[in-house]
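Same chain, two partners: chain A is paired with chain B first, then with chain C.
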Partner chain A sequence: MKLEEQIPRNALVWIIATQFVLLFPHLGRIPLWVLVLYAATALWRAMVYLGRWSFPGGYLKSSLTVICFSGVWVSYGTLIGLEPTVALLLIAYSLKLIELANQRDAYMLIFIAYFVCLTEFLFSQELLITLYMCVAVMVNTTSLVALHQPGQDRFNFSTIRRAGAMMLQALPLMILLFVVFPRVGPLWNVPLKTHTARSGMSDFMKPGDVASLSLNDSVAFRAQFEGEVPDRSDLYWRGLVLSKLDEGAWRSLRWRDIPGDQRRGEQPELVGEYVDYSIIMEPTQQNWLYALPYATTRDRGILRSNDFRLVSPVQVQDQKRYEVRSWLEVPLDVELGDWRRGVDTSLPEDGNPQTRVLAQQMFEAAGGDPEAFARSVLDMFREQAFFYTLRPPLLGENPVDQFLFGTRRGFCEHYASAFTWLMRAAGVPTRVVAGYQGGEVNPVNGTVIVHQFDAHAWNEVWLEGQGWVRIDPTFAIAPARIEFGLEQALAEEGSFLAETPLSPLRFRGVSWVNNLRLQLDAINYRWQLFVLSYDQERQYQILNRLLCSVGQSQLVFLIVGTWALLLVPLAIAMVWRNRGPRLDAATRHYQEFCRRLRGAGLPRPGHEAPTDFARRVAEERPAWAEEVAAITRCYESLAYAGDGDPAALAELKRRVRAFRV
Partner chain B sequence: MVRAAFTESWQRYRERAQRRWKRWINRRIPPAKQVTLDQKRVFIFPTRIGFFFLFTLLVMLVAAINYQNNMGFALTFLLVNIFVVAVLHTYGNLAGLTVHAVRASPVFAGQRAEFEIMVSRAGRRQYFGLHFDWLKQDSAIINLDDCQQQHVKLYLRTERRGWYKPDRLRLETVYPLGLLRSWTWLDLDIRALVYPRPLASGELPGVSSDQPDGMAEPIPGSDDFYGLRDYQRGDSLRHVFWKSVAKGQALQSKQYTAYADRSVWLDWALFEGLPPEQRLSHLCYWVLEFDRRNEEYGLRLPGVTLEPDSGENHRLTALRQLALWGSAAEDQAREPLRAAA
Partner chain C sequence: MKGVLDNAALGSARETPMKELVDRAADEVGKVLLGKESQVRLSLCCLLARGHLLIEDLPGMGKTTLSHALASVLGLSYNRIQFTSDLLPADILGVSVFDQASNAFSFHPGPVFSQLLLADEINRTTPRTQSALLEAMGEGQVTVEGETRALPEPFFVIATQNPVHQSGTYPLPESQLDRFLMRLELGYPDPAAERQMFVRDGTAPKPEELIACLSLEQLAAIRAAVDEVHASDNLLDYLQRLVAYTRNSAEFAYGLSPRGALALLQCARTWALMEGRSHVVPEDLQTVLPAVATHRLVPTSDYAGDASALVHELLLNVDVIPG
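Up next, the complex of A and B:
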């Protein structure tokens, strides 16, 4: 094989290193045997390099391919969807290594690696991941550079330096392209994520669900208010309305559960105060969005459900930004339709008999007034020995009876559920609302950070003339939960994030840790706001602003000009670096002298010694003889004495300056 | 008919284009003993792999669009611009290099001539993967990473006697990314002397000699050793008595008796009736043969007479005369050829 087609040892090492660097962030979502495959192919290729083993034969290769593909099929149950596709790509990337024989194969591998970098971004575009992928791209580019250093088999820094320099130089140009490249909608449908775990709330809730979310310290969404952040106890982020009791679990109405004429819902009259804010939501793989009631949005891609929530027609697969205006005082469903009333008062035929009896008694005691009845239920929770805990005992049959008359320990979903039972048993339309409550205001940038542990369930009761009124039974048990957050509410129990002892959120008391965390969160928010949510609309705004000042046709010149402005200094720097070593000062002065004589028709050829030259000049132009001899003497003493006497140098300089032909 | 006419006109067109190209490149990179590469002399274009890379980027762009993935866009644009700055870096891997012609060794027609060139750098920039390719006959790859200069030897086939001046040398590189190739065509003003191809002719037909008694048929194997003398300049290295050198004594040459006092004229007229090139080939053979036997010989060509002598210098002069006989006067001058405009 010709030398230029061989793969230098360095390049091989870098290529294998790239494989592991790229595999690492994928590890969470691929079957573990893929890692084994990577190790095996790397070992095999290393053995081939050492001359111990040979490349696998065609038969072995094809059977390996078949085995791996079936492996993906077994692991995922399908080959369709984003995750199996990416797994297949990762496997092909790994298998290609054991047929890496010449330069063409190496190019293939390196280009596949660039594509693998892209697939990682389909799952996460967080700042940290992005920084990590920068390193990955750098390592891959380094292997491409190493591939073109023939015969290099010892580690050298020039490879990394070159790759790094090219990336740094490409960076400003990249930003330019990122801003101006026209953003268009998807060209065709692409496989979606199907195996990624859904996170956050689910659309049905049984006792213990919200409690388990409370163990999770990841961010659910961040909200940035235009004006002041409303009071903490007003931050009820509605996500789901759970109206239906299904085998012990509360669940939201499906599309087909809703009769056609009810699907649009009532359009409430917009009165009173409102707040404007934008939300950047982390991907949930679900459709619903979180917002304060009553939420309206100008975003054309977002729908409104009949229970006044915001819904995205496609699952939220990436971080999603939306702008909301919430009318906090608008009454909802002032007139309650029969269908809605039926749904929100229905209970199973049997079960929880004690609860039903208690509800009847209390309703009568309240004089048949729903509002008074609700108040008396809350009073019961407050005054009797009910406890708010993350570790409630398990409930068996007739869970509400058990809870109200037995254990009396529960988390928000227990109280919301029991409250709904009581109200519905007395015929008052009531439903469970699930979402998040509160959030942490980041003093650095004023965003409200809502974590998964802010998950909450509360109730809405329909009252004549007021529509749906929010009632939070948890507030009766543990007002601290609403006013200060979960950590305060669980202070005595000490169960806040008990299972993640290293979570930075547990160290909110230590001020520097907390500051660092909040600063990082602010950076993350900016990243999401300016980079990840940069879309057609944003681009339109920015370019519009540019176009206003420069005019449409000049925009092209602006882009090309900026591009040139970035590239030209680079080119100049390169030419500059290629100049030979800088001549010493004496030689430069002497050359200037020779240049002047050449102007006078007396060129000095390269082989002529300065003294010979001086003699020749003296013969041809006797008038200059003295001065020429002086300059030559001066130069020779400087050139051969070698110590660069500054006085002599100054004299040479002066004489050359003064010399006139 | 039409086809033949087409082929012909195509041929004419190609020749014209080639002439024009030569004129243009001679203006742009004139022949010189040493050439320093700069933006005037370096060309650049994507390689096939480069185009494939751009295609990969297109696929990545489509993926980024379809998933509306901003970091996907960012990655794609980063790679696009790495390609763009690679133009500068690939050019930079030739720029600043100086290529010098060092020497070309003389050979017999049909053999490969050795051309030695030197590459040097001015600054401290590391150059990798410099690929020399001469007429697709010989190539070499060198790095200039930890030394200031490197010598490269390339071997080119020769066909005819005379001065052999090869066409332009191609120096190219795809470093650092292999996506772009920058190259240059160098005319290093270097030429090799090509002697006629030696052609054995059985026996020398009627050797002419000045002395009547000097006439003798050379008898192979009769060159008897008779003694040693002090080495003199011009003695063949093959006759040096190496054993004494190994003992630390002065250089001595072995002396052979046969024909030592006879001189032979290798005459153009000896090969009456043969075409000139064949005569020269035969004469060449005999020059080598007599030199090997360490005999004196003279050379007589139309217009050229070389008095009988022996030794290395004599042999080289004779061979040079044979190589250059009949070629234009300025060709015989020591100054190297100026490329024909």
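Up next, the complex of A and C:
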């Protein structure tokens, strides 16, 4: 192998290091045997380097490929989808190592590595991950640098300095591109994540659903208020309205369930106090957005549903930022339509007979007044032996009967569900609302961090003259849940985040851990605010602010113009530096003559001197010999004999013009 | 093309044009060294350009024959030194001997005091003795025992050497190599020439029997005429491109020195004169380049070929005409 095709040993070490650096963040979502494969290929390549083993043969490589593909298929059950595809890419990236023989292979491997860097961002775009991937890019660039340093026959850590310097040099351009590069929609759709699928709430609620969310300490969304954060017990983030009882589960109304004339919903009169805030929501793969009632937004592409929620017409696939103004005192649905009343009072034909009886009794005792009736139900929850627990017993048939008269232990969804049953059995329009309650206020930047364990279910009861009124039966059982959060409410039981013993949230008591966590969250919030949510609209806004008001078309001109300003002088400078020397007239004519001969299939290579060329042409085309010799003589006397005679120049010009191939 | 072939116009008091003189000399040398016209002409070119000549090849290839023949044809007084490993500088330069008769030291000049010095197998001797020739070749004078003595005019050195990898050789140092204007390799003769050698064996002329073709005056006139040969800007551009390539390209351990570049130009001028031209054309440069540059260039250790491959690459990669 030629020396320039060899891979320097230093580069080889860096290439292998890059593989492991890139594999590391994927470890949680790929089968473990891929790690084994990485170790095996690295070992193999090292053995090849030491001269003990040789590169694998064609059969072995093909069978390895087949085995790995089958492995992915067995591990995931499919080859389609994001994780299997990424796993395949990672495997191919690893297998290529045992084919790494010359520089061309090394280039391919390094360029695949850059692509592998990108795949990590399909799963997470968090700040820490981004920083880690920067390091990964640097390590990969180091292998590229090392590849261009021949003769490095041992591992050299300082190579990374050059790569670091290159990345620092690229940083301003990266920032500039980030700010001004036109944000276009995705050119292709990334397949859905098959395994992490949907997070957060689903559009139906069975007993136990919310409780299972309570085990999850990941962030659902962050809200940043302009001004004071409202009282914690007012932070009822509505996400879903569950009106329909479907085989034991509360379910929201689907689009087709709603009659055409009801789909727009009432437009309430905007009066009273309001709060402004923005929300950055983690991807849910669902359509609904979370907000305090009654929420309005000026963001384009966000719709309002007929039950006063905000919805996105497309599923929230990435972190989404939206601005909301919530009118806290606006009554909703002061006039209740017949269809709505029908939906929100309907119950199945049979089931839970004891509950129905109890409802009738209590309703009559309350004198037929829905408000007094609701209060008496809450009193019942408060005064009788009901318990708030994350570990309720399982319920069988007639679950509400079992709950109210038997177990009496439950989580918010049990109480919300039982409350709805009781109210509806008495004919009072009531529905379950699912969302999040409360949130943690970060003292560092005033953000309200809402975690998955803040998931909650409560009720809305329609009262004459007041519209939909929020009633939270959980508040009656466990006021601490609303006032202080889940951790306090479950303090006795000790079940808060019991399954994630290392969650930093469990160490809120240790002040420096808590401080660190909140500081990190504040940084993360800024990251999301300024980097992740920087979309076309934000770009437009920011450029507008930076450059005073410009129109869309002007902006395009501006971006193109910036590039032109940057690149055109660069291009001119490069052309200027690479321009040939200025040719004298005789040489120009002679070059023209050479061009004509090239057209006739007789090119003059750069190193061939005129007389040699003339001789060769004379041999190949004797017919032209005389004229070619004359022109060459002419040129030679002008260019080399120092014969600056204008007549000779004119003769050369004439002869070249007259020369026909 | 007026006056180009009319070399007589360049100098005065010469009936025979220079080209014919040189051609005749080359033919004369060709009588003893068959089938080596280009090397013969190049070696003449070297001497006419006031340079010293190094001939390198295997034993028995005609190195000594060529140098003898050149000496005879140029009509110069010559001395021959066979370099051996025990040769001392004094054996070349001369010694002072106490003369009892005159009761004083008298200098006995060494073989270096001649118009043409044949240094046979120069790399068989130690670097110390090799270096004794340095001053003589560079400056036309020698300093012995504190006294500087001028060498005859003209003064040529024709050295032969065996390839360096042969046993019992001391490679010439770069500074010494640089003193030689050209280094030639003879190579095997072609079959026809070799057959002719076999056939005329015994009747072949001896180098000493060749007739002198050039007088000292003619030699001086030719040397003077060399300086008159015109090198145009275009040609100097080409020369500079060649030199720049050797200095910038990664294959060269180091580039051509200014002395090397001047040597190249000087040889190209002489070659142009020998071709009967009053100006240099790129072909002249290309013709003399391998002989002039190969021993001055060293490839880097990464480069797969040797210096002559490198020079070939140099010629291929530099444009004769810009644009």
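We take it that the second predicted complex is superposed on the first by the 460 of 661 C-alpha atoms of A that agree within 3 Å, B and C clash if a C-alpha of one lies under 4 Å from a C-alpha of the other, contacts with A are read in each partner's own complex, and residues count from 1 in each chain.
The criterion applied here is as follows: a contact is a pair of C-beta atoms (placed from the backbone, for glycine too) under 8 Å apart; a residue touches a chain by one contact, two chains touch by 3 or more.
Please read all numbers here as calculations on a predicted model, not as lab measurements.
Trainee: So, A:Gln539: does it touch chain B (first), chain C (second), both, or neither?
Mentor: In the superposition, A:Gln539 touches no partner, neither chain B nor chain C.
Trainee: Touch test for A:Tyr640: chain B only (first), chain C only (second), both, or neither?
Mentor: It touches chain C, and chain B stays clear.
Trainee: See if chain A has more residues touched by chain B or by chain C, and give me that chain.
Mentor: B
Trainee: Pick one for A:Gln591: touches chain B only (first), chain C only (second), both, or neither.
Mentor: After superposition on chain A, A:Gln591 lies in contact with chain C alone.
Trainee: Should A:Ala170 be classified as contacting the first partner (chain B), the second (chain C), both, or neither?
Mentor: It touches chain B, and chain C stays clear.
Trainee: Does chain B (first) or chain C (second) touch A:Pro610, or do both, or does neither?
Mentor: A:Pro610: touches chain C, not chain B.
Trainee: On the A-aligned overlay, A:Ser75 touches which partner chain: chain B = first, chain C = second, or both, or neither?
Mentor: neither
Trainee: Tell me the contact category for A:Pro150 with respect to chain B and chain C: first, second, both or neither.
Mentor: both
Trainee: Let me test your reading of the model: by the given contact rule, A:Gln315 touches which partner, first (chain B), second (chain C), both or neither?
Mentor: A:Gln315 contacts neither chain B nor chain C.
Trainee: If you lay the two complexes on top of each other, which residues of chain A touch chain B in one and chain C in the other?
Mentor: Shared contact residues on chain A (touching chain B in one complex, chain C in the other): 3-4, 150, 580-581.
Trainee: Which residues of chain B touch chain A once you look at their complex with the stated criterion?
Mentor: Residues of chain B touching chain A: 39, 49, 52-53, 56, 59-60, 62-82, 84-86, 88-89, 91-92, 95-96, 122-123, 125-126, 128-129, 131, 141, 143, 145, 174-178.
Trainee: Name, in rising order, each residue of chain A that touches chain C in their complex.
Mentor: On the chain A side, the touching residues are 2-4, 150, 580-581, 583-584, 587-588, 590-591, 605-612, 633, 636-637, 639-642.
Trainee: Could you list, by residue number, the parts of chain C that touch chain A in their complex?
Mentor: Residue positions touching the partner: 1, 4, 230, 232, 234-235, 237, 278-283, 286, 302, 304, 315-323.
Trainee: Going by the contact rule at the top, pick out the chain A residues touching chain B in the complex.
Mentor: 3-4, 103, 107, 111, 114-115, 117-118, 121-122, 125, 130, 133, 137, 141, 144-145, 147-152, 156, 158, 162-163, 166-167, 169-171, 173-174, 177-178, 181, 183-190, 318, 531-532, 534-535, 567, 570-571, 574-575, 577-581
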